[in-house]
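Chain naming follows the written order as A, B, C and D, and within any one chain the residues start at number 1.
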Amino acid sequence: MSNDQEGLETLFDADIDREPVPRSQRLKRQFDLYVAAPCRVAMTDWRALVGTVIVAVFFLMGTLGVWLVDKPSSGDAPVLEPPFQNFDYILGTDTFGQPIGAQLIHATPDMFKMVIAGAVVSVGFAALVGVVSGFLRGTTVDTTLMSITDIIITIPGLPLVIVLVAIFQPESPYVIGVLLGLDNWPGLARTVRSQVLSIREESYVEASQIMGLSTGTILRRDVLAQLMPYITVNSALASRRIIFESVGLYFLGILPFTTFNWGVMMNIAYEGNALNRPDMYHFLTFPLLTIFLMSFGLVLFSQGMDSVFNVRLRARHASTIDDDGGHE
Amino acid sequence: MSNTETIFEVRDLNVTFQMNRGQSRVVRDADIDVARNETLGIIGESGSGKSMLASSFLNAVVEPGVTTGEVTFYPEDGNPVSVLDLSDSELNRFRWEAVAMVFQGAMSSFNPVTKIRTHFRETLQDHNRDIPAGMDRARDLLESVYLDPERILDSYAHELSGGMKQRALIALSLVLEPDVLVLDEPTAALDLLMQRSIVTLLRELQAEYDLTLVFITHDLPLLTKLADRIAVMYAFNIVEIGTTDDLLYNASHPYTRALLDTTPDLNVPVDEMDIIEGSKPDPVDQIPGCSYHPRCPLADDHCRSEEPAMMTVRNTQESACFYYNQAADAVPISAAPSHSPTTDTATDGGDR
Amino acid sequence: MSGNYFVKRVGQAVLTFFATVTLTFVLYQMMPGGPAEALRNVILQQQMGSGNTIDPARIEQLVAQYTNLESDAPIYVQYYQYMSSVFLEQDLGESLYENTAVTTLLADRIPWSMLISVYAMVIGYTGSIVLGAVMAFKEKSRFDSVSSVVVIGLNSTPYYVAGILFIFFFSIRNEFFPTGGRVGLGVEAGFNVAFMQSIAHHAALPILSMSVLGLGAALTMRGNSVRVLGEDYLRVAELRGLRNSRIATQYVGRNAVLPMYTQFMIGIAGVLSSSVIVEQIFSYPGVGMLVYEAIQVRNYPVLMGSLIVFTLVTVVAILIADLTYGFIDPRISAGGDNE
Amino acid sequence: MGASDPMLSMDGVSVEFTNGGGPLDIFGESETVRAVSDVSLDLGEQETLTLIGESGCGKSTLGKTAIGAQKPTSGTVRYRGQDIWKAKRNAGDVSISFDEIRHSLQIIHQDPGSALNPNQRILTSLMLPLKKWYPDLGREEREERIHTLFERVGMSPPGDYLNRYPHQLSGGETQRAVLVRALLLNPDLILADEAISALDVSLRVEMMDLMLELQDIFQTSYLFISHDLSNARYIAEKSGGRIAVMYLGEIVEIGTVEEIVENPQHPYTKALQWATANLYEDDAEAEFPLRKIDVPDPTDLPAGCHFHPRCPKAREVCRQQHPERVHANGDKENYARCFRADENHEYWDSPEITDE
């Protein structure tokens, strides 16, 4: 019943002298809130800073690097050249005369494909199941989803992946990523669900419902926005896990050697008895270091994201909001 | 205090916190005496520093707060104890044996994974008390707060309602027979009915166990039902202190009067209820002069430049206002009866 | 703890296990060409050297013997037979290479893998809990920030990389520990000191490298402790003049460790899974090695059997965790949804 | 819809909650709590009704049922004659759509800390519902309305507040922003669920005054929930509304301010009054008005009058019979559920309960 009352009319018709905010200023504000302020927060948090830099370097390796550095092949260079001797193959060469640096770089794109596929499957699926289940708490959908989750959570991931790999011999990095991501989602889905349940308890969600906002808006604005830090942090952690497992499986020789991979390099070096041959140390060390660095970067990145998503910190670093800090 | 024995003496008490934007002084130069077996009420808005004042009675201001000044405890027999100078082990003995404290977060004051019984036992044990005798006392105490002792002792905190937990905590606070019980907003999170019930129980407990009570709250009506004397805190300092009747019928600080006037009262016509204009003071950027001057109708240049010290209004009442004589006219209280039933006769520590 | 909850949880565990066994059956069926075809290829390869031709009926017979599947029977009959042999006869089929039942092979190896897994978890978690607690106690100190970086660093080292480094430094550079095996040559098996010592000596490095897996718990413990340190009940405990030792153990310790209990039990299962990689590095003959060897020659019955056994261990660990959690944390009432 | 229909009417409303036990949970034991039990209430245009009672008495649940945010287990809730839940299901002859009902009944929550999405600026939180219900308004006009109302509730200049995040506002400012959010939809009823309890004493009167001022402009009804009789009385007296006292899911007494504050019939109302300490009333020595301090277990309600275990005036008959509504003053709407309100009841001849 929008019975237009007189008092209301006069109130809203009252002409207050307010200049409309120009569009450019609004855009500037949006930019400040969603881009500039988070960046400023990241600059103040060394974990976010270092993590982002490392992840960015790897990203450049996988994109620009591949384009700049030729794909290595056997006999490109002398065999087992030590590192830091020759500028063309600064990290030395392996037992087939392939430059190690170039191999590390060319292994990166497939690694990213694997990581992206795996993270999308594990975190995306977990978020979907967790949010749906949490939002429909107590319904048959919820109980069914959670029963399935409980079953899958118990099937040990690595042995299952090994069996699947042994049977199907996947070669595509996407497929491998998906397989590795599969065992990660149920645990996440459970936590996402319990987070959704506690978010639902917040008054502002109930208020949104009572104000008649659509379920989509509520999910997006009230639930997902609140879950974002959690999802981001877990994507980084899931990525790390996928790197660990895929490299491990390549290293064991369980995954087929069809591509450049840090694990494959380790396998060849390790099988070639690198541990006992000082002339091969670099062949084993650089892939190890690469994995370590990437994972270190991802963990730092995930921890740094905690503060980047912290609305209090962002508000403090936003230039379009004056924060006098005295309102506690 | 004239003719009653002092149990606590606080002098020049300051509590400061180091913050990013400067030093925050949350208690400033507070002086206060607590008489043995009295109930002293401390009233103030949230953020007025009253909880910090209360914590300093046990030298328990949370880190990184720094407490300076003198807090002296006078035991019934024995030498005065300088509370702020106690070593860690002395402090451990002093706490709960001489002074116990029930504070705001009582809802979660119990270890969630052990039974209430364990809380009593470990307290007795760590203070080297006889456990069977102590547990008998615990049962008596629980009964005197209207709880079923065996049921409560065998419960975990999450199985009890808020009011039950708070009463169990009061019983726990008395198990070592302390002389003083400090209560910091012990009823803030409870229903009014439970609040008033607890206040009634506290009066009974005080009489039964010869307690001195220090009761901190923002709820003035509740406090008047319990306290013998009331100290009013505004902006991190005590601005007025007097017997309950002194304050109710003869308040002489404009803030106290404004507070009385804004307190909802079932007997006051609603149209006469008022609000205090202006905003709360800031603990970092403290203003010169009287801290209440921006909100005070009596404020003049004197108030803006010089901070008033405590002035004696009568022998039981002091007020930190230059114009305490004029406060009654400047800030009328709509609810107050035209004359006080006790002012003429009240010349010492209250009405009992 | 109500009986109903017990029944419900056990029922759920059995259902989960049932689902996994079904999954292995499905996996057999999903093999390229079905189980018979896949196995035939393996068997043919195996027989190639001997020059014998082998008739199809014999292969059917062998497939049935190895996998408990009669590939010409209707699928539901196959399913029934497969399930009943697993559940009723505890028969997981037979290894393709040794004439040994898969159950026997696994039963031989499981104790060794459990040994290193459980110790790795216990050592990793104990270290983490102590470290995390100290970090929380010295929150924001130099020690805290340095330890955080160290823990993140260790956490970024895959356990197999840790294993390689350990071998390099402690077996090859300095011969403190053997590079492989589970017991020294010529040590007489049995309940004697030399044998026990040899076992410990051989297990030390695998345990150490797998314990890296538990280290992430240090940060969890730190977070939990910091949270508990800010709780009201901790402040009240201090006001009550309780002894510091009691506050540290009964208040901070207990409340901070409790939430990690379930994580720990599930962790054991996770560590056991990782043994596939670790045991290979250390040539430690446990289930992991068995699985690794089975993959090399496509010994499917052993692979499937291992998967079933791994699941069984996980199911049991989680079941124990759930059933006992109610005893150690009174807040989780029986039947409660512990989210 | 008939002209005489009240704006909102609840008839025989009960709400039950069942603990534990999902649909697939065969073994789980379940406990049923009757949060609201057979409540009938009418609320007219621009009327203010105040609900008071202890925590856990079901006042919040009743409030949420009234605004259609909680489905009753039995009974009907009608908005201008239209059954809300039938409108939702689109069953029968729907004269008012659920959408319209939805935006006519609004809420203000207790906790300022969680009333607004912490990740959104205040402006965003206020724009979303406006956008939803007034799609034909332009962005400028929507902002204009918000700014106007912010000025009106004393948050000036509005831009300063609107661009902030909720954590940057004080409790009082947040509650005012939430009030604005509710009013922007121009609702017919606002449920104020302990909306002032979390505020400092000195801010409560201010907030209540503001709510009442805006009531005149927006012609809104309020369902005002409080556990504090003095606040209830303030708002009821200033708005000329009624006060309803709830105990364990039931309305045990309802009446005007005079009836409830000056001359309460029900011993429970008297206990609440005792609990509401007055400054200038020396009732310090007043008798304890309860026999037991704690509320009984709501899953296992006492037989007879639910209040009898705590009631100092309870007699044998209170153990056996559940009191019906007694309209003491011949008033048709106001009543007390207590035998004592009925001068001719057998209660007066019943023996007193000796303490168990």
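Going forward, a residue touches a chain if its C-beta (ideal position, glycine included) is under 8 Å from a C-beta of that chain, and two chains touch if they have at least 3 such contacts.
All values reported here derive from a predicted model rather than from experimental measurement.
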item: Chain located farthest away, centre of chain A as origin (C-alpha); value: B
item: More contacts between chains, B-C or A-D; value: A-D
item: Centre distance in Å when chain A and chain D are each reduced to the mean of their C-alpha atoms; value: 46
item: Chain C and chain D: spacing of chain centres that average the CA atoms, whole Å; value: 55
item: Mean-CA-position distance for chain B and chain A (Å); value: 52
item: Contacts with two or more other chains, residues of chain D listed in rising order; value: 25
item: Chain D residues touching chain B - in the complex, by the definition given at the top; value: 54-55, 200-206, 209, 227-231, 233-234, 237-238, 261, 271-284, 288, 290, 292-295
item: Residues of chain B that touch chain D when the two form their complex; value: 45-46, 146, 161-164, 167, 191-197, 200, 203, 218-222, 224-225, 248, 259-260, 262-267, 270-271, 273-276, 335-337, 341
item: Chain C residues touching chain B - in the complex, by the definition given at the top; value: 231-233, 235-243, 246, 250-251, 254-255, 258, 328-331
item: Contact footprint of chain A on chain D as seen in their complex; value: 22-25, 67, 69, 80, 96, 99-100, 102-107, 109-111, 114-121, 125, 128-129, 132-133, 140, 143-145, 147-149, 151-152, 160, 163-165, 167-170, 173, 178, 181, 185-186, 188, 216-219
item: Residues of chain A that touch chain D when the two form their complex; value: 1-3, 5, 7-8, 11-12, 14, 16, 18, 20-21, 29, 33, 138-140, 142-144, 147, 202-204, 206-214, 217, 221-222, 225-226, 311-312, 315, 320-323, 327
